[in-house]
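I am attaching a structure below and will ask some questions about it afterwards.
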Amino acid sequence: MLSRALRIRPMTQPTTQRFPVPAIADLPDDIRTRLLAVQEKSGFVPNVFLTLARRPDEFRAFFAYHDALMDKESALSKAEREMIVVATSSANQCQYCVIAHGAILRIRAKNPLIADQIAVNYRKADITPRQRAMLDFAMKVCTEAHRVSETDFSALAEHGFSDDDIWDIAAIAAFFALSNRLANFTGMRPNDEFYLMGRLPKQ
Amino acid sequence: MLSRALRIRPMTQPTTQRFPVPAIADLPDDIRTRLLAVQEKSGFVPNVFLTLARRPDEFRAFFAYHDALMDKESALSKAEREMIVVATSSANQCQYCVIAHGAILRIRAKNPLIADQIAVNYRKADITPRQRAMLDFAMKVCTEAHRVSETDFSALAEHGFSDDDIWDIAAIAAFFALSNRLANFTGMRPNDEFYLMGRLPKQ
Amino acid sequence: MLSRALRIRPMTQPTTQRFPVPAIADLPDDIRTRLLAVQEKSGFVPNVFLTLARRPDEFRAFFAYHDALMDKESALSKAEREMIVVATSSANQCQYCVIAHGAILRIRAKNPLIADQIAVNYRKADITPRQRAMLDFAMKVCTEAHRVSETDFSALAEHGFSDDDIWDIAAIAAFFALSNRLANFTGMRPNDEFYLMGRLPKQ
Amino acid sequence: MLSRALRIRPMTQPTTQRFPVPAIADLPDDIRTRLLAVQEKSGFVPNVFLTLARRPDEFRAFFAYHDALMDKESALSKAEREMIVVATSSANQCQYCVIAHGAILRIRAKNPLIADQIAVNYRKADITPRQRAMLDFAMKVCTEAHRVSETDFSALAEHGFSDDDIWDIAAIAAFFALSNRLANFTGMRPNDEFYLMGRLPKQ
Amino acid sequence: MLSRALRIRPMTQPTTQRFPVPAIADLPDDIRTRLLAVQEKSGFVPNVFLTLARRPDEFRAFFAYHDALMDKESALSKAEREMIVVATSSANQCQYCVIAHGAILRIRAKNPLIADQIAVNYRKADITPRQRAMLDFAMKVCTEAHRVSETDFSALAEHGFSDDDIWDIAAIAAFFALSNRLANFTGMRPNDEFYLMGRLPKQ
Amino acid sequence: MLSRALRIRPMTQPTTQRFPVPAIADLPDDIRTRLLAVQEKSGFVPNVFLTLARRPDEFRAFFAYHDALMDKESALSKAEREMIVVATSSANQCQYCVIAHGAILRIRAKNPLIADQIAVNYRKADITPRQRAMLDFAMKVCTEAHRVSETDFSALAEHGFSDDDIWDIAAIAAFFALSNRLANFTGMRPNDEFYLMGRLPKQ
């Protein structure tokens, strides 16, 4: 597997990328393997993998956490989890996460419009009342978690969310509170590929 | 000209559109003519024209104001003027304006990435220092115009903006302060056509 | 009519007026005519007319919009419309609009106290519960229009406001979002005459 | 002195006054004496005296504090001290203090326009650069005193303010942080007399 | 009494104390007497007494006000009054008041944990629902007194608070709005003794 | 090692703990081992370990991330890293993190006062200018990471911080943005042991 090459596209306007991408040759094997795997799957290496590779231990913990929340079985669909990412990342003005996860949301939801709607104002998006309640809570965790109270749990329970579902919603909002800050201080640049993904009918 | 038909596409999910579109047959001639003209040019009738048609006098004043700022000769390019619209409309969480003017910005700038970058965080967008200064000032007019002072005029002058250019920047930000609020209280829905416009190479 | 002279009082302390008043002789006829008409009616030319005259097309659109909202027949009395202007302009810290429209509100309401009460804290002003609901909604459009929802429409309907009345409230708040920003970036100075208007018994 | 009568004008619209004015007959002698003295001087009893009379000990401490700051010798003129009151009370949306102290400011400054200008936006008022620096600091104490630093002291020293002058500015802003909150929770109503005071030429 | 000496401990790191403590010899007799009395009672002289001694009249009014609220009979226990001080002083980021009154709260409540809990987030502290309602209202007076309305009075009445109890809550919050600002602009330093007071079992 | 027992102290007032601690017997071996190790070292099991044990994968990723930032070699001392935790957790009103990490900070810094000072207002704490710059940046990442710019990097470089030191500061602030939100939505309760740790001379 390691014989395959990583095809890292040079960033044409890397002005915002504050921390340079490390030399691929210097990466630990497990990290290079993960980069190859994601390249295999997506056709390119998302910059979050390249930027965090500067710090192997943080890289491993970050993606372990990410996968524990985003890839596991859950009463929340994968599209719904991406809705949480897009809504809260927009509140945090995180360019990388809104654009990259906006792409994933379009694909997961098979809906070319939903990501832009949620990014600008999730209150006006084409979502169900249950999804609206989910996003209201995620935004509360994002912006004023210190005010979360039993009232919030009751409101979610009325929409059928269990305590574990509520943990999932809150934990995703909390994880991207971390992720958004990483992307913002490193000036992480969304790959050009993300902008168009999931927007065309037959993609 | 009036013999031509308006091809108004029914909104498939009009849940957010709080004020219904008036019957086309009831519109004054000058307004129907304008709708036809824009349909001719764009291939569809943007919903802002349909929503405001409920109030003919306000419709006429709104578009007269819009055209006076956005269509005239100016030291600001048309793409730069759309940058102001997208950045300030995003601060106001106006779904219609970010999505519709994001499309126009992509076309005017011949850049498929710029609108999303500016919508999420204009401070990280691929723009020139002069454009950055322009947007910093536009955002100040958008969010705290009562603090505008001579210091702001000096900072802009250093980038070569004349007093009339500064008026243009501020007036566009001010006009969309109006426009964003109209779109938000009417639940104005961006037409589906806008989302993909200007994203493909040969468009 | 054009033979009559405009009696423009020089501003004694024009330090805050950032954009100078254009030479009257250079104004287009229709604008000079409007200045004369307002001078005839009010005894002086409010500075908003002089400041905006620098931009004839914007002047025309601005006053067309203003008149469409403020002069038309409406279920909102003229005093109530001025209440909206004063409350929202105070939130935007717009010196011109609070002082000039405060004067108009005193006159329209035949109440020398109401404008100052609303400017400082409309929640403590001598207004009816219906007017309080109107101002609560106007302030929401002013400060967080992206959160306007069906709940707001229902609350207003309980006070007897129709959908068209709600449009009137919101559109006035939206128009002065524009107007306040224009006044603030141009450093528009309220004419000295406004401060005392409507404060004396027999005025 | 006690034989003279207090001429308390009944409040015609006391809806906002949450705590009723106590019966004059029940007041301690020293408080009644103070009420008579202020009535003598002003022609009426400002409501702050009547509202606080409910609590004699707090009344005495409040006015002792007030007088220690507002009546003493200081490098700040009495008009300048009232400017601080009006600017910070407006930030706190305190109807009583803005309207009552606005009247006092007009009289002290012999300027019928200054109070309204400062109440709406002190940054655009006809004041000197030294007064602007004074109000900038007062507003910082009013809204974010936890950020006051040596930089603020240096900026004020450049305008000739001594450490004791700075204490005066800050202490007035701090005292009215108390006063504004008292007025707001008690629903303290400004007497009708204040609105017109100091507005007419020969007053 | 005056023959006894004041044992003022020199501040070891007085970098934050912006206004120096006046020479004890220069203080008026009544103020020196008060300092001795508090030293007798507490074992040291809290810095608020030393800092305010620079201004004898303000010193007298400040402590008269303080005592009128904090030492009198009230339906609020002394511990509850200190809860209000700690919660609102934390919102104002006042180091002196949170640390000094945190100590007093621990002692009054005979609870070594409560002060830190309330300082960080009173919504998660081990308090009764009645105390929670008390603190919610105190925080509203602290941060947005202009929005206090009849609804707040009703909510408190449901917990058995009379109008005079409500005055007590609000007046304490208002008084510490003053006190916090004094401490912040003077850089008032909490005495080292406060940090440990009330934390040990047998204290 | 597994034969040793976990001595979990029942929470006496677990009202704020929203998610119950899982049965110890049900925990995976590696997690139980970690609990035993921390009990060995600290004398008790901090509640963050018990609360997160409900989710083994998230537990593992969380502590891997924590250790990668807080235990590694760095130009930031361990006390300085805890300063970042306390300052940002206080901004997020996270009771668990301020109280637990306040204890660790006191121990690491061998300073019984520093944690309370930083928790209330780090701008007034007894820290060096270099530490002040470090905390200013950490707070910016905490509250407005979208505004981080090259200016911030330059300001830190002037205090001798390398790009990797800056990553450390920002990453700690970002990780506790996650941690604070977890603690707040789960109602995580600080163990009673933390309050007194590091406050006594010989500890």
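Letters A, B, C, D, E and F name the chains as they come in the text, with residue numbers starting at 1 for each one.
Here is the rule we use: a residue touches a chain if its C-beta (ideal position, glycine included) is under 8 Å from a C-beta of that chain, and two chains touch if they have at least 3 such contacts.
Bear in mind the structure is a predicted one, so any value in this text is a computation, not a measurement.
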item	value
Neighbouring chains common to chain C and chain F, by label	A, B, D, E
Comparison of D-F and A-F (more C-beta pairs in contact)	A-F
Chain located farthest away, centre of chain E as origin (C-alpha)	B
Mean-CA-position distance for chain F and chain B (Å)	46
Computed distance of Cα centres, chain E from chain D, in Å	24
Distance from chain F to chain E - Cα centre to Cα centre, in angstrom	29
Two or more partner chains touched - positions in chain F	93-94, 121, 124, 146, 184
Chains touching one another, given as label pairs in label order	A-B, A-C, A-E, A-F, B-C, B-D, B-F, C-D, C-E, D-E, D-F, E-F
Chain D residues touching chain B - in the complex, by the definition given at the top	121, 123-124
Of chain A, residues touching chain E in the complex	146-147, 149
Footprint of chain A on chain F - complex, ascending	18-19, 54-55, 57-58, 60-62, 64-65, 68-69, 72, 92-94, 141-142, 145-146, 148, 150, 153, 163, 166-167, 170-171, 173-175, 177-182, 184-186
List of chain E residues in touch with chain F within their complex	13, 15-16, 90, 93-95, 98-99, 102, 112-113, 116-117, 119-121, 124-126, 184, 187, 192, 195-196, 199-200
